[in-house]
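Same chain, two partners: chain A is paired with chain B first, then with chain C.
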Partner chain A sequence: MSWLLTLLAPILGGFLYGIERKLTARMQSRKGPPILQPFFDLFKLADKRPMVVHSYHAFMGIIHFVAAWVALSVLFFGGDLLVAIFFHLLSTSLLIVAGYSVKSTYSRLGATRELIAIAALEPILILTAISFYLHTGSFEVSKILTAPTSIFTSVLGFLALLIALPGLLKKSPFDAAEAHQEIVGGVEIEFSGFFYDTVYAAKWLDMLFVFTLVFLFGGSSFVVGGALAVFAFFVVLLADNSTARVRYCDMVRLLYSLAFVLAGANIILGVVL
Partner chain B sequence: MQELLLILFLLPFFAAVGVLSVKRYAGIITFFTATFLMAASSLAYLSFESSFTLSLSYLSVPFLVTDLVLLGYFATIGYTSRNKKILFLSIVQAAFLFLLENFSSREGYDIVVDKLSLFMFLLINIVGSLILIYAVRYIKDETSDISKQAVFLAILTAFLGVMNLLVSVDNIEWLFLFFEMTTLASFWLIGFRDDAESQENARIALWMNQIGGVALLAAALVAKAELHTVYISEILTHGGETLILFTAFFAVAALIKGAQMPFSPWLLGAMAAPTPVSAILHSSTMVKIAPYFILKISPALAGTAVGGVIALIGAISFLVSAALALREENFKKILAYSTISLLGLMILTASLGTPLSVLACMLLILFHGVSKAMLFMCAGVLEKKYHIKSIESVEGLINKAPILTSLIILGFLSISLPPFGVFFAKWIVYEGGAGISGLIVTLLLFFIAVGSVALTLLYFKTVGRFVANDDTKSSKEDYSYLASPLILGMFLLGFSFFISPAIGGFFKENASFVVSSVVPISGDFWGITLPFGRLEFWHIVAAFLLLGVAPLLAAKIRLKGIDKVKPYSCGEKIETSAYSFYFDPAKNIEKVANTVSAALFLLIILLGALNL
Partner chain C sequence: MIQEFLKKFRKKSPWLLHYNAGSCNGCDIEILACLAPKYDLERLGVRNTGNPKQSDIFLVTGPVTMRSRERLVELYTQMPEPKVVVACGSCTCTGGVFRGMYNAEDGIDRYIPVDVYIGGCAPHPEQIIDGIVKALEILETKTKEIEQPKKLMGKITENDGQTDKTKMAGSL
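== the complex of A and B ==
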C-alpha cells in the first residue's frame, strides 16, 4: 500500500490538481478544463524546445521534485512526522537555492519571499506535529493513524493548519511568493519546458503532502480524516477565489497572530488538560 | 592514559615557549604540536577505562600567586586605559580571593578526568588543532613581523592547553584560574591588531568576562564557607540546601562566557581580531565553556526554578540573536550572531537536564563546533584572498572559487537540515521536549520553533548570496588555505552516514554519563529510535543524496545541446540586480531582550538564594 501510494503520488497529485481547476472554474461560473488537463499541460511542456539559464538551475528543479517526493514518501511509509516536515523544508529550500542562483530580479525576489513564507509556516507545521504527539502519544504517522481521532481535542490546531494551508499551497491570500501579476511567478519564472514540468509536478506533490497532514487529524477513522481533507480542500479553494493577495509582511503578521497563536493555544490546552 | 594526559596538559605550553624562543620555526612547531594533540586526544578517548584522578595540593600556593599576578595585570590595564570597570572588577576579584583564604577545605582530587572531559578533549584538540594549522598559514598574510607571528601562534597554542586543563579540574579555585586565563587569552587575541577598535573590543571582552570571574568566585565562596569543600563533584553530591545557590552563581559565569544577552557584545566585538581567533575562541572552543559548565551542573538543575530561568535566558538569546542577524550583511557578524543563537539553544537544552535534552546538547556542542570552525576559516579565506567582507559582494564567487563556496554552503546546510548533526539535535529536542509535560517546557518549545526558523531564514538567505551566479569567468582556485576546512567538510559529509550508530553509541554513552542514567534512545546502522518516534536509515541516505551529492553533481554536469537564454527582464535592456533581504527588527527588541535577560540574571541569583 505504501509503495503503491508513493509510486502513484505524482498521478494522484495531478488528478487532485485537475479537480481543483475544475472546481475553481465552476466557482467562477466557467466550464473549466477537463480533469486530465494538468497531464496534458505536462506533456505539452515536455514537448517544447528546452531552454535553460544555466544547467545548475535546471538540475536543482529536478532535485526539488525528487525531494518533495521523498518528503511525501516519509509520510506514506508511516514515518516520523517531524522528519517528514524537515524533508518538506529541505525540498522547498532546494527550490529557493535554485531561485537565487540565476541573475534574475523576479526569481530572486520570489526566492526571498518563499523564505519569508517558510519563516511563518514552518513553526505552525512543527506545532501541529507536537499537537499530534500530545493527543496520540507518538510522532509516527503509522501510530497516529491507529490512534483515535484527535480533531475534537485539537480543534484549534486544526484551525491553525487551515489558516496556514493557503500559504503552504501558495494560494491567495498568501501567494505573495509567486504573485504572477507582480513578480511573474517568482522562483518558477526561469524554468521552462521539461524543467518547468518538474517544478509543476512538485507542486502537486506538495498538495498531497499538506492534505495528508490534514487527513491525519482523523486518526484511525479514515472517514473523518477524509471528510476533513475534503473540507479543507474546499475552504482553501473558496479562499483562493474570494480573497485578494496580502503583502508578504502582512502575511507573516497574520500567520503569526492567528495561526501561530491558535496552534500554541492548542498545545497549551493539551498540556494543561 | 597518564602519558596522554600529560601531553594534552603540558605540550601546548612547552610548544608555546618553543615557538617564542625559536621564532623561525614557529610554524613547524605549531604544526607538529597540533598533530600530537589530535592523536593524543583520540587515543585518550579510546583508552579510557575509568575516571582518572590526581591530587596536586602543593600547587595551591603557586596557583594563588598566579591568580594575584593575573589580577594585578588586569588592574594595570584598567588603570592605564582609564577603564574603571576593569579596575573595579579586578579589585573585587582580589577581595574575593582573600575572603576565600579564610575558609579551610577538605583534601581531595584536584584533577578529575571523566567522560565529559574526554568528550571536550576531542572537540578542543581536534577542531582546535586544525584551526592552529590553518592559523600558521593565515598569520603569514596578516603581518610580516616574524616575532608578532610567533606571539600569535604561541597564544593560540597555549590556549588549547588552558582549555584542556579547564575541562579537567575539579577544584573550583583552580577552575577560576583557568577561567581567567581564557579571559586573558581573549583579551590579547582580540586586541592583537592593535588598532583603536580592537583595543576597545578587547577591553569590553575583558570586563564582561571578569563579571563571570566574580560569579565563579562567589560560587566558590558559597561552597567553601558552607560546605568546606572546593571540589565540584563533592559539592554536587553533598550540596544540600546551598547547592542551588552554588549552581546559580556557577551558571551566571557560564552564561557570560557563552555571550548570552545582554553580554553578547563581547563576542560580537571579537570580529575585530584575525579570523583564526574567531574560529578558535568563538566557535569551537572558548564559548563551549558555557554549555560545558551547564552540563556539569545539569543533574542539579533539572526541575528547579533556577534551571527554568537559565533555559529562558538561553531561549531569548536563541530567538533574538537569530532575528538580529537578519539585518547584518557582514559575513563574520552573521556567523557570530548565529553562534550566540545556537549557544542559547545549547544552554537551554543543557539546563533542562533530561537525558534526551542533554544528548541533544552534546550533539550541538560537537557539530556546531565543527561547522562553525569550518565557516569561520572560510570567512578568513574570503577576507584574505578575495577581500570580501559583505555577503553582498560574493556574487559570482561560485565560478572563481567553487570549492570554497561549496564548503560555505555545506557549512550552512550542516547547521540546519538533515542528515547533519544539528538537525538530529533539533529533532531530539522537539520529541524529547514534547515528552516532558509542563507549561515552561511548552513555552520553551515555542521559542525553539520560531528561533530555528529564524536561523533557517538567515542561513538560506546567506546561501542564496553564495549560489548567486553572474557571468564571471571561472579561474583556477587558490587551494593554499583550504586544507583544514576541507578536512572538517569531509568529516561532516562522511560522518552523516554513521550518525545513527554514533548517536546510539558515542553520544548515548557520554550523555548517560552526564545524567547518570540511561538515555532512552537507541541507534544502530538501521536507524534511531526515540520513545515516540523513529528515523530510518533510508531517510539519512535520501537526505545525503539530496543535499550532499545531487547539488554537487548539478554543479558539475553541463547540459549539452540545450539553448542558453538570458533571464526574463520584462523586455527591458537595463541591467537589473536583486540584493538580499534585510530585516531590522524594531529597534527596541534588542533593548527589551537585553533588559529582560539582565533581569533574569538577577532572578537566577535571587532564586538561588531562596533555594528554589
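== the complex of A and C ==
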C-alpha cells in the first residue's frame, strides 16, 4: 500500500492540483480548465526546446523534486515525522540554492523571500510534530496513525497549521515568495522546459505533503483525518481567492505572532494536561 | 513516438506571455477581459505566465516605440521554441494611427516574425480568442528549430546563454 501510494504520488498530486484549479475557477464563477490540465502542462513543457542557464541550476531543480518525493515517501511508509519535515526543508533549501546560483534579479529576490518564509514556517511544522509526540509518545507516523484522534486535544496546533498552510503552499495571502505578477514566480523564473516540469511537479508533492500532515490529526480515525484534510483544502482555497497578498515582513509578523504563539500554547497545554 | 505523443498536448496548454510595446492600454484591457470570468480563456488551458522561458504564445500589443523595441526582441529570443507570435490590435499589425511617426515603428513585424494578426482598435475579446485558437493550429505545425528575430540581435545559436546586448539598438 505504501509502495503504491509513493509511486503514484505525482499522479495523485497532479489530480489534486487539477481539482484545485477547477474549484478556484468555480469560486470565481468561471468554467475553469479540465481536471487533467496539470498533466497537459507537464507534457507540453517536456516538448519545449531545452534551455538551461547552467547545468548546476537545472540539476538543483531535479534534486528539489526528488527530495520532495522522499519527504512524502517517509510519511507514506510510516517513518519518522521529523525526518519527513527535514526532507521537506531540504527540498525547499535546494530550490533556494538554485535561485541564488543564477544572475537574475527576480530569482535572487524570490530566493531571499523564500528563505525568510521558511524561517517563519518550519518552526510551526516542528512544533506540530512535537505536539503529536506529546499526544502519542512517538514521532513515528505509523504510531500516530494507530493512536486516538488528537484534534480535540490539540485544536490550537491545528489552527496554527491552518494559518501556516497558505505559506507552505505559496498561496495568497502568504505568496510573497513567488508572487506571480510582482516577481514573476521568484525562484522558478529561470527554469524552463523539462526542468520546469520538475519544479512544477514538486509543487504537487508539497501539496500532498502538507495535507497528509493535516490528515495525521485524525489519528486512527481515518474519517476524521480525511474530513480535516478536505476542510483545510477548502479553507486554503477560500483564503487564496478572497485575500490580497501581504508583504513578506508582514507575513513573518503574522506567522510569528499568531501561528507560532498558537502552536507554542498548544505544546504548553499538552505538557500541563 | 514520444515526440508524437507530446506534440498532442501543445494546443491543450498554451501559456501566454503578454507584452505591451507602447500600447494605449485599450488592447491590454480587452486581453484581461478575455482572462476574466465572462470569456474565461483558462478553460482552454491558457495561463498568463508573464515569464518568457515558460510561455508558448507571445501576445504583443502596441506599435513598437523606440524604448520598447529592445525588450520586445529580447523577450522573443528568451522564449524556447515552439512558439508563436500574435500581434493584437491595429497598431501592432501596421502601426495604426501612429504609422510614420518619429517615435514609433510601424508594427512588430519589422522586428520579429508574426504568425497571427488580430485587427481592430481595440479588438473584441471574441476576436482575440479567435486569434489565439488560430495561433494554436499554427503552434501544432511548428518545429523546435531556432527562430531568428529580424533585427537588433544578430544570429541566435543553440549555445547562446545570454543575449548580446552590445549589438542591440545599433542598426535600424
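List of remarks:
To be clear about the criterion, the second predicted complex is superposed on the first by the 273 of 273 C-alpha atoms of A that agree within 3 Å, B and C clash if a C-alpha of one lies under 4 Å from a C-alpha of the other, contacts with A are read in each partner's own complex, and residues count from 1 in each chain.
Keep in mind that, in the parts below, a contact is a pair of C-beta atoms (placed from the backbone, for glycine too) under 8 Å apart; a residue touches a chain by one contact, two chains touch by 3 or more.
Keep in mind that what you see is a predicted model, and the values were worked out from it rather than measured.
In the superposed pair of complexes, A:Phe87 makes contact with chain B only, with no contact to chain C.
Taking chain B and chain C in turn and counting the residues of chain A each one touches, the greater count comes from B. Legend: residue contacts after superposition of the two complexes on their common chain; A:Pro123 is shown touching chain B, with no touch to chain C.
When the two complexes are overlaid on their common chain A, residue A:Phe40 makes contact with chain C while staying clear of chain B. In the superposition on chain A, no contact is made by A:Ala68 with either chain B or chain C.
In the superposed model, A:Ile96 lies in contact with chain B only, and not with chain C. Of the two partner chains, chain C is the only one that A:Phe191 touches; chain B does not reach it. Residues 49-51, 53-54, 184, 189-190 of chain A are contacted both by chain B in one complex and by chain C in the other. Those residues of chain A that touch chain B in the shared complex are 49-56, 58-60, 63, 66-67, 70, 74, 79-83, 86-87, 89-91, 93-94, 96-97, 99-109, 111-112, 115-116, 118-119, 122-123, 126-127, 129-130, 133-134, 137-140, 184, 189-190, 260, 264, 267-268, 271-272. Taken in their complex, chain C has these residues touching chain A: 3, 5-10, 12-15, 37, 40, 42-45, 47, 49-51, 53-54, 56, 80-82, 144, 146, 161. Residue ranges on chain B touching chain A, taken from their complex, read 395, 417-418, 423, 427, 430-431, 434, 437-439, 442, 445-446, 449-450, 453-454, 456-457, 460-461, 463-465, 467-471, 532-536, 539, 542-543, 546-547, 550-551, 553-555, 557-559, 562-570, 576-578, 580-581. For chain A in complex with chain C, the residues that touch the partner chain are 21, 25, 28-34, 37, 40-41, 43-51, 53-54, 180-181, 184-185, 189-193, 196.
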